[in-house]
Structure formats: structure tokens, C-alpha cells
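Both of the next two complexes hold chain A, though its partner changes from chain B to chain C.
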Partner chain A sequence: MPSSSRTAEPAAAGSGAGTPTPGTTLPQRDVKAPATRGSYWARLPVVLRRTLLLVGIVALWQAYATLSDVSPLVFSAPLDVARALFEGWTSGDLARATVLTLKILGIGMGIGMLAAAILTTLATWTRIGEDVLVLLTSMLNPLPSIAILPLAILWFGLSEMALIVVIANAVTWPIAINVSMGFRTVNPTILAVGRNIGLRGWRLVRDVLLPAALPHIISGLKTGWAFGWRTIIAAELVFGVAGGGGGLGNYINKSRYFLEIPEVFAGLVTIALIGIALEWVFTLVERRTVVRWGMKAAT
Partner chain B sequence: MKVRASRAQARDAEPDPQREDAPGRPLLRVQNVAIGYAVEGAFNLAVGDVSFDIHPSEKIILLGPSGCGKSTLLKTIAGFIEPAAGSISIAGRDDLAPGPDRAVVFQEFDQLFPWRTVTDNVAYPLRVNGRSKEDALERARHYVEMTSLSHAADRFPHQLSGGMKQRVSIARALALEPLMLLMDEPFGSLDAQTRSRLQRELNEIAERTEVTILFVTHSIQEAMMLGHRIVVLGQAPSTVEEIVDVRDVRDPDSPEHVRVRRHLRELLAHDEEEVDHAVFE
Partner chain C sequence: MSREPRKGKRLRRLPAVALALVLALTVAACGEDGAGGGGGGEEATKISIAYQPGIGYAPLLLAKQEKWLEQGLPGVQIEWRQLDSGAAIRDGILSGDIQVGSGGLGPFLVGWAKGIDWKIISTMENMDLWLMAKDEKYQTLEDFKDGGKIAMPAPDSIQAVVLRRAAENELGDATALDENIVSLGHPDGLQALLSGQLAGHLTSPPFEFQEQDKGARQVITSYDAFGGPHTFNSVFMREGFHDSNPKAADLLAKSIARGVAMLRDEPKKAAAILSEESGGANSAKEFEDYITNEAVEYTTEPNGFVKIAQFMKEIELIEKAPEDWKELVFDNLAQGNGS
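Our next item is the complex of A and B:
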């Protein structure tokens, strides 16, 4: 709706000079809605625009693969990729790799969220907790978590544990920063109202503090998820080189090793699709909560 | 003379003899209260020595220049701040933890829970205080109707105008059926038209519900429009300059009203002069 409200304004301002007296009915006259601005393309629905673009890109990709004599050992046509995707998912290879990656990510995120919850609780209630959180986040957040993988391998061996530690580290800090920011910026009037109506302790936290900090909590989880997703794929690629693991990163690496190029592309497409799907879930959650409540502008 | 204006005996421990004719015990008794806050290690007094009583169904206005500590005093009565000296008792109790018996309406528009609809904002505090879901909803609907909000009952706060938000806050406070309503410049951020409309509505509601109100404002017009008695505070650290009874001077065109209004203006202007002196000394 933003475009319609924008175009409506000049019309209202233009008629402002001769304001009719309230209570009288306006005489009938011809009113014309201002023409929608922009090209023919801009007037198409957004879903159609995106679909058309996607189809165009895939067509270009297919045309390049068929018309040039690029070797199938370095580049795959979209049709081959689609076939590899289908076969990978029906045979279970790709599905197993995806489930494993998501499982490790889930455990890592769980640990990271728990750590972030403990850290932010301490930081909200005690001054030393706040100091610890500020110091740790300023040191560890700028450090790409993948950089600690060699150490993690040294400590935990070529095990899932090493991956989980790296993921947990990647997600803890963005979540902790956002959530503690959310708690600290809760409108004091809302808290005063909560105490005034008789809320104390845990109920005040659950029914006022948490929902009031929800925009920050969601954006923390969103950032944490994005960090974790990128980190686990990178970590699995390194792991693939070291010869262990069976996740998506390893699937790509293994396929490259056996020169199964469509499978490499199928792995990449799967990673991108899961990324899009989770991003969409977060957007949906936001739309039903903080956007609906006017606590965050729609994106 | 209809105006019963007198020098309040703020520094006396004795209760105000002016109001001894009032029936029954006072609902709220503020005695020799001082309130301060620490700024950079120093302790500053905002309220120096204030005493007054409020009787059931009375509407008392705290009037004073900005910075005189009238909001601080209200927040102390609400239980958010500890007094540095003196005593406050409500219905004979000295326990002043924040609670729904002194429902507060703040000035800020964002005092509503953004994640609850209008009806839920009013019903939720009732649930907190032990009412059943059906009972809370029924009561909430009643007070939403009383504040002319029925058409917006299912909207979220961000879909309301400032005046409507303040109405919801008043409905929420009233629904709790508190011993008294504490109102901290609730109409201070509204445009003039909405403000005078809400003032009229508040008067009607107060008449109907006989709720006791302590109302903070710096507007003489508002004080005279809403109050039974006006407690005029001086500059910080404030004392009671005077307690002015305006029950019988409601008509804004009457000579008595004009005289009392001028008197109040002089009281406030007098305070500002003192500040000017303080600045130049």
C-alpha cells in the first residue's frame, strides 16, 4: 500500500485551500485516482516480477551451458542440476547430508541460545555480568567463528563435538548482544506499569520484559542463525578435506572429488534454498508478532 | 467568600486543621514528606516538606512549576520511590510497594502493552489480580465502553491516536477499581482540543464512579477544571504554598473563578521570580 498512500497525498494537499465546511455533503463530481507511476514492469505484482527474473536467469544459465563448449567437468546445466537434486533427494544421499547438517546446527544453536540466555540474564541483573558480557562480545563477536575450528579440532578431534563448539560460538555472541540490548532498552514506563498492576519477579519478566524485548530477541536469533548457517557449511568443507563428517559441506567436497559436478551444484542449491526458507520463517514470525503490534516496521 | 484559601501548615506535624470538618478518615495522608535523589554523589531534595490529606471521592490536584517535584511525589505515593523523610499512609496502611490499589496513568502514550489489544490491555491486569477470564473480559468491555472505545476494542495500541491511548490507560486504571487513581499529567502530550475533551470526560467518569483522584499538572486551567482542591507546590525543594479549594468556582466566567485563577497564577509566578533571583545571585 505505500505507493497508493504516497500518490494520494498531493491530491489531498491540492484541495486543501477550499476546505468544505463540516457537515455539508460534497457535490457529486468526477474523481480520478492518480495514475500509478512507474514503467509497465514496476506495475507487475512482485511475485510475478521475481518469477520472471528467476526464469530468465535459469534460461541464460541453460543457454550458456548448451551453446558454449564449456566442459561438463567444471560447469553444469540447470537441467543436470535438477536431475542431480531429484536423484540426491530420492536416493537419500542429499537428504541424509542435509539432515545431519541441520542436526549439528540445531544442537549448536541450542547451546548458543542457552549460553546467550545465561549471559544476558547475568548482565541484566548484575553489574559484573554486564561487564563480562561487554568484554566477551567485543572480543569474540568480531572473530569469524570458523577461525577457531583448528583449535576445536585440536581439543575435540575430528568429531561432531568440534563442529558443535564452533557453531555455538558463532551464534552465542550475536544473540547475546541483541537480547541484552533489548532488555536494556525496554521502555521504563512499561515496566513501571507492570509493577503497578501487581506483577513481580518471573511474571514481570515473562509477561512484560520478554515481549517488550521481542523485536531484539527475534533479530538476534535471525543474525545468530545466519552466522551459524554460514559457519557450519564452511566448517564442513574444512572437515571434508580432513576426511570426516557427512554433512552438506562434505557432500559438495566429496562430489567435487569424484567429479560429479551436477551434485556440487545440487549441494549449493540445497544450501541456498534452506537459507531462503529459514529467512522466510523469521519474516513470517515477525509479521505475526512485532510487525503486527507496531513494534517493528514491516520489511 | 466562597474561596477557602489558607496557608497550609506544612511544617506542622499536626494534620491540616482546615479539613477537620471533612467526614471520615482521610484515604491518603501525606505527612512532612521529603524526597530526594542522588546526582553524582550529591543528594538533592526535590520535595522539601509536603503534607496534605485526600478524602474518599476527592479530586486533588498537585499544581506547581516544572521541576518542583510534583511528579516525584506522585511516583512516591505509587511506591516507585522511597521518601527520604516523613510518612505516607493509604487507608491506614504504611506499606507502599507498587500495587493496583493505586493505579497510575502516566503521561507517555506508550504505557500500553503493544502486544495486547485494547480490551486485553484492560483485561490483563484484572487477570493478574485473580479475576477469572470471563469476569475480566466482561469488566474490561464495561470500562472500554465507559471511555468510548468500543469501536476500537480489538485494535492494537499502535493503531490508536494519542487521545485514544490515554483513554485506554484510564480504562485500565479504572477497571482495577483502585482505592485511588494517580494521574501524572495524563493529558500533557495531547493537542488542546483533545485535552479539553478528555478533561470533560474524566469529570463525567469521576462523578459516575466516585473514584478518588490525585492529578498532577502544571496547567492552572486543567487544575481548576478537574480539581476539588489544588495543592500548590513551590520551587524545589518544594513545600506546600497553599491549598486552594475550587469546588465552588467551577464556572469559568464567574468573577470568583477569575479571581482564584489570578491568585494561582500569582502563586506560580512568585515561584518563577525566586528562580530568577537564584540565577542572578
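Our next item is the complex of A and C:
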């Protein structure tokens, strides 16, 4: 409940900002302390645990590449991949590809978010808007967005525009579904309280509806970003060149054409790293909002 | 991500992690087996032959339609697969899925320079590859500097080499038009050019002929770029497969030669078979026009290998080029003429 949790804010603010220390907002986490006896592994800090796992996986990877006589034309060792990553980033090829991909994704997501905002606003205010949203999402959400790429190319040509349209389509529907679900599940009591103290129109949306629906909005954005990210890489792979120099998917594809297998892996690692970075950003946002307000358990 | 409140769950995750690792390694190991699958010591019971769209593959298509290989190799299952680019065929051969590949010199040489142990068992023809444009704006290569897209099967295809050769000849810079390249299979490229989505299409017969019929015109030709006729498509396989399947390799070379002879000497008969093979998509008359066009000369004689390979090395598409064309071919072909 926004009003009651707001009072807990100052207490949680100090600890919630930086490290993933246990907050005061979640009583069940206090149970955790006595339960950690036994496993040494569980008592290690999160960062250390995950780093150790990562090192182990990379070590296995290197061991497999060194010990088996797998052809370097089909499989690359981590050392070669690290070299390709380093060369790719210092020469600017990978950086250029990454920036281009993120730019197209950013524009596509921006348009998708705007479309989702308009659709859900209409759906919340009018019955016909709700019908339109339900119909559109049930038709278009199950459709893998990459499937409309051939049409988009036909309509917008072999340009960045075609990609942006495909991305926008990929992100609009998951965001719209989640946001409208968030609005519809707002506790009616809170809404009534808001109305009772004289909030209406935009202020009711800003101060009551949006904060109450924020967990759904964030999970909508997360899903939308994941859909968009997958779609753009897939689209670039199919598309060949995304206008200009080509993005990450194109970098992978081009490397594959010239049998530069370490570069293919380097492109994949870059995609994974960006995924991790974005996940981290979302976690930060959640920690500062819905976790602090006690609407979601910390991760 | 979330912290488990109870330790029982935490312990149960361990076997799952172990299982995932075992699975990953198994998958990787399978890939390795597949990659070696081109070699093998035994005679194959199934041979997968890959080709691409276009009449550059006509000798193979004749063998396919007339079942020359099936008849000569009883007990061996022959599978014919049409793929859209040489790179796709190369991936198939590397993964062990495809035993016999065919296509332009580009993808073959990229693989050869990277150390794939493959060689050419037969070439199929000399062909003049044209850059076609429809919009009046594009009269010479210079006009493409505005960024107009040029489609071709792949950035490593022989068409990409032709474009760079021409760019160096006419614009003084081999990479001048690299940003213009779009990867599209020939049939898709034809549609895209005619519907106005492309500035140019660097393709092969019969697509360039069809585009010409629909109002497109030549901007450059590969014979001009390389100063004379050159081989377009070859048929290749890994040495391990060649050595353990001598009978199949020999019959394949002979079937291609038989197809080439029919295309040269009995174009009417060959055209009728090709039309049948296409399921009637093109008439026998159309095929006859295509295969007798002067841009097409069916021959098993390698032509221009060294010239093309050395240019590819010069512009750093590949790291090494052969000194002699005989390094690229099996003995049966090396005994004849070539360049």
C-alpha cells in the first residue's frame, strides 16, 4: 500500500541504495539468518558465488576446446574469443555494431512504449478502448514479431525503418498487456481513497494508479525489452545489412560468412553482456521503487 | 536470482547445474562428431548434394532429373538440397550434413584459405555475371555512391568479389561500395529489384536475363571486371569423403561432364529436362534461350581461379591464395587444362 509503505521509506533508504543488504521492509527475510548453517556455498556473498560459477564454466569451456580435437572452424576456445572481443572493441567494429543495434532498438522501444501508453490509457478510460486492446493483444502478441519482417521490408524497403517497425511491434504488445493488467488490478480501496481526498484525472493516474501498477509496468518493460532484443538480433541475421554498417546480428552473420568463428562467439558474448547490464539496470530501478515500497521481494 | 528462503532447495540445485553442464558438453561433442563426418573411413550410404538456384547448376540438375547418380550407385541414398547461398552450403558441409556442395568460387576459397580440407571435383561453366539496375538514376558504378542498395547472395559470394573488382577498376577503391551490399538469394533479389526496393542486383543467369526482359539493364559485367571469361560454379567435397568414396566421386565427375556435353550438344533435349525439373516454372523454350545465351558457356575446364583468388587476397577477403589452380582441385581435374 503506497501510503503505509511511504512511512517506511526513510528507514530503508540507507540500506536499499547500494549493496543488496537485507532491507527492513521484508520481514520474512529475517528468517534466513538461522537457516544458513550447513552449506558453505550459501554463506558466500552473491557476487563471489556467481563469479566462481562463471570462472568454472569458462574453465570447462577452455578445457573442452584444448583437450578435444574439435575443429577451430566450428568451435572457439575462450582465449580466442577474448582476443576477438578485444580486437573487435579496440578496432571499433564491435562498438559500431553495438551502438547501431542499440540505437535501432531504442527507437523501436520508444515507439512501442508510446503506443502501449496510448492504448492502455484509452483502455482504462473507455470501454471501446479496452475492447480494442484485448482484441489486438490477443491477435498480435502470440505472433513472433520477426514473422512480419518480410512485410515490413516490402512496405518500408531495406532500411532501418523496417527494423524499427518490427521492433516496435515486438515490444508494444507485452508492455500493453502488462500495464493494462497493472491498472486493472489496482486495489479499489486505494483508488477510492485517492478519489476521496480529491484526486482525479492526471493526478489520480500519477499519484495512485502508476505507483500501484509499477510492478506490472516494470515486468512489462522487461518482457518488452527481451522481445525487442531477440527480435532485432534475429532480424539483422535474416536481413543481412541493417543500413549503414550493420548491427550486432549482422556482425555475427558477416563473421560467419568469412568463417571467423571467434568473432561469431565475440558477438554472442557481447549480446549476453548487454543482457546482463540491462537486467542489472532493471534490478536497480526495482530496488529504488517497488522493493522499497514493499510491493516486491528483493532479488 | 531470488534468494531461497530454505536451504533444501539450494542443495537441490546442484544436480541441476551438473546436469546442465553434462548436457552442454554432450551437445558440443555431437557437433564435433558431425564436423568430422565429412571424412569417415567407410563408404557413405547416404550422400547429400547441395546446389543453389539458377542455370549455373544445370549439369547437376540434369543428373538429378535423369537419376544418373541413383542408377550408378545402387544402395546409396542420394539427397538433393537447394540452398540460397554458398555460405549455407559450407556450413552444411562443416557440420557433416552435406557431402557434396556446389557454388561460386567465393565461399569455396574462403573455406579453403581457412583450412577446410576440400577440393573441386568439377567445374560446370563460364558465366558472365551482371550488375542489373532498373532506375534511370543508376547508369554507372559511380551513381551507386549515393548508397543505393545492391543485392547479392552473400558478402563472401563471387558476386561480391566481382563488385569489388569493378569498384577498384572504375572507382579506384575496392571497398567503395561495401556499405551498399545486401544479402539476398537470387529469386528474392529479382523480386526486390523489379519492385523498386533495390538500386542494383548483382546476380547470375537466368535471373539477369529475366531482369533484362523486364526492363533492367547491365551496369557492369564480370567478364569486363576480370578481363575475360571465368568459371562461375564448381562442385566440391572434403578430401576425406572423396578418398573413402572413390566410386561416387568418379561417377559424380562423369555425370557433370555428361550434363555439360548434353547442354552443349543437345540444348533442346537438355532444356526439356530442365523445364521438367523446374516443375514447369519455366518452359523448355525459355530454358533453351538461357542455356544458349552467349553469357553462358558450359565447360568443365577451370578458368580464372588464380586471378580471382589473388584479387580476393589483395583486398583481404582471404589470407592466402593458391600459386597454382591445381592446388584447388582433385587429380581428375588437375590432369586437364585450366587457369
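Keep this in mind: the second predicted complex is superposed on the first by the 255 of 299 C-alpha atoms of A that agree within 3 Å, B and C clash if a C-alpha of one lies under 4 Å from a C-alpha of the other, contacts with A are read in each partner's own complex, and residues count from 1 in each chain.
Rule of thumb we're sticking to: a contact is a pair of C-beta atoms (placed from the backbone, for glycine too) under 8 Å apart; a residue touches a chain by one contact, two chains touch by 3 or more.
Just so you know, these numbers come straight off a predicted model, no measurement behind them.
**Q** Report for A:L284: first if it touches chain B alone, second if chain C alone, otherwise both or neither.
**A** Neither: A:L284 stays clear of chain B and chain C.
**Q** With the two structures laid over each other on chain A, which partner does A:L151 touch: chain B (first), chain C (second), both, or neither?
**A** Touch partners of A:L151: none, neither chain B nor chain C.
**Q** Let me test your reading of the model: by the given contact rule, A:T189 touches which partner, first (chain B), second (chain C), both or neither?
**A** In the superposed model, A:T189 contacts chain B only, not chain C.
**Q** Identify the partner contact of A:L259: answer first if only chain B is touched, second if only chain C is, both if each is, neither if none is.
**A** So A:L259 only meets chain C here.
**Q** Using the superposition on chain A described above, determine whether A:G198 touches chain B (first), chain C (second), both, or neither.
**A** first
**Q** Tell me which touches more residues of chain A here: chain C or chain B.
**A** When the residues of chain A touched by each partner are counted, C comes out ahead.
**Q** Under the definition above, what is the set of chain A residues touching chain C in their complex?
**A** Listed in rising order, the residues of chain A that touch chain C are 28-29, 31-32, 35-36, 38-39, 41-42, 53, 57, 60, 64, 68-71, 73-75, 153-154, 157-158, 240-241, 244-245, 253-254, 256-259, 283, 297-299.
**Q** Which stretch or stretches of chain B touch chain A in the complex?
**A** Touching chain A: residues 78-80, 98-100, 102-104, 106, 108, 110-111, 113-115, 124-125, 128-129, 156-159, 172, 176 of chain B.
**Q** Over in the complex, which chain A residues touch chain B? Could you list them?
**A** Listed in rising order, the residues of chain A that touch chain B are 187, 189-190, 192-193, 195-199, 203, 207-208, 211-212, 214, 289, 292-295.
**Q** Can you check the complex and tell me which residues of chain C touch chain A?
**A** 1-3, 5-7, 10-11, 17, 21, 25, 28-29, 31-32, 35-36, 87, 90-91, 94-95, 107, 110-111, 114-116, 149, 154-156, 179, 181-184, 192, 195, 197-198, 317
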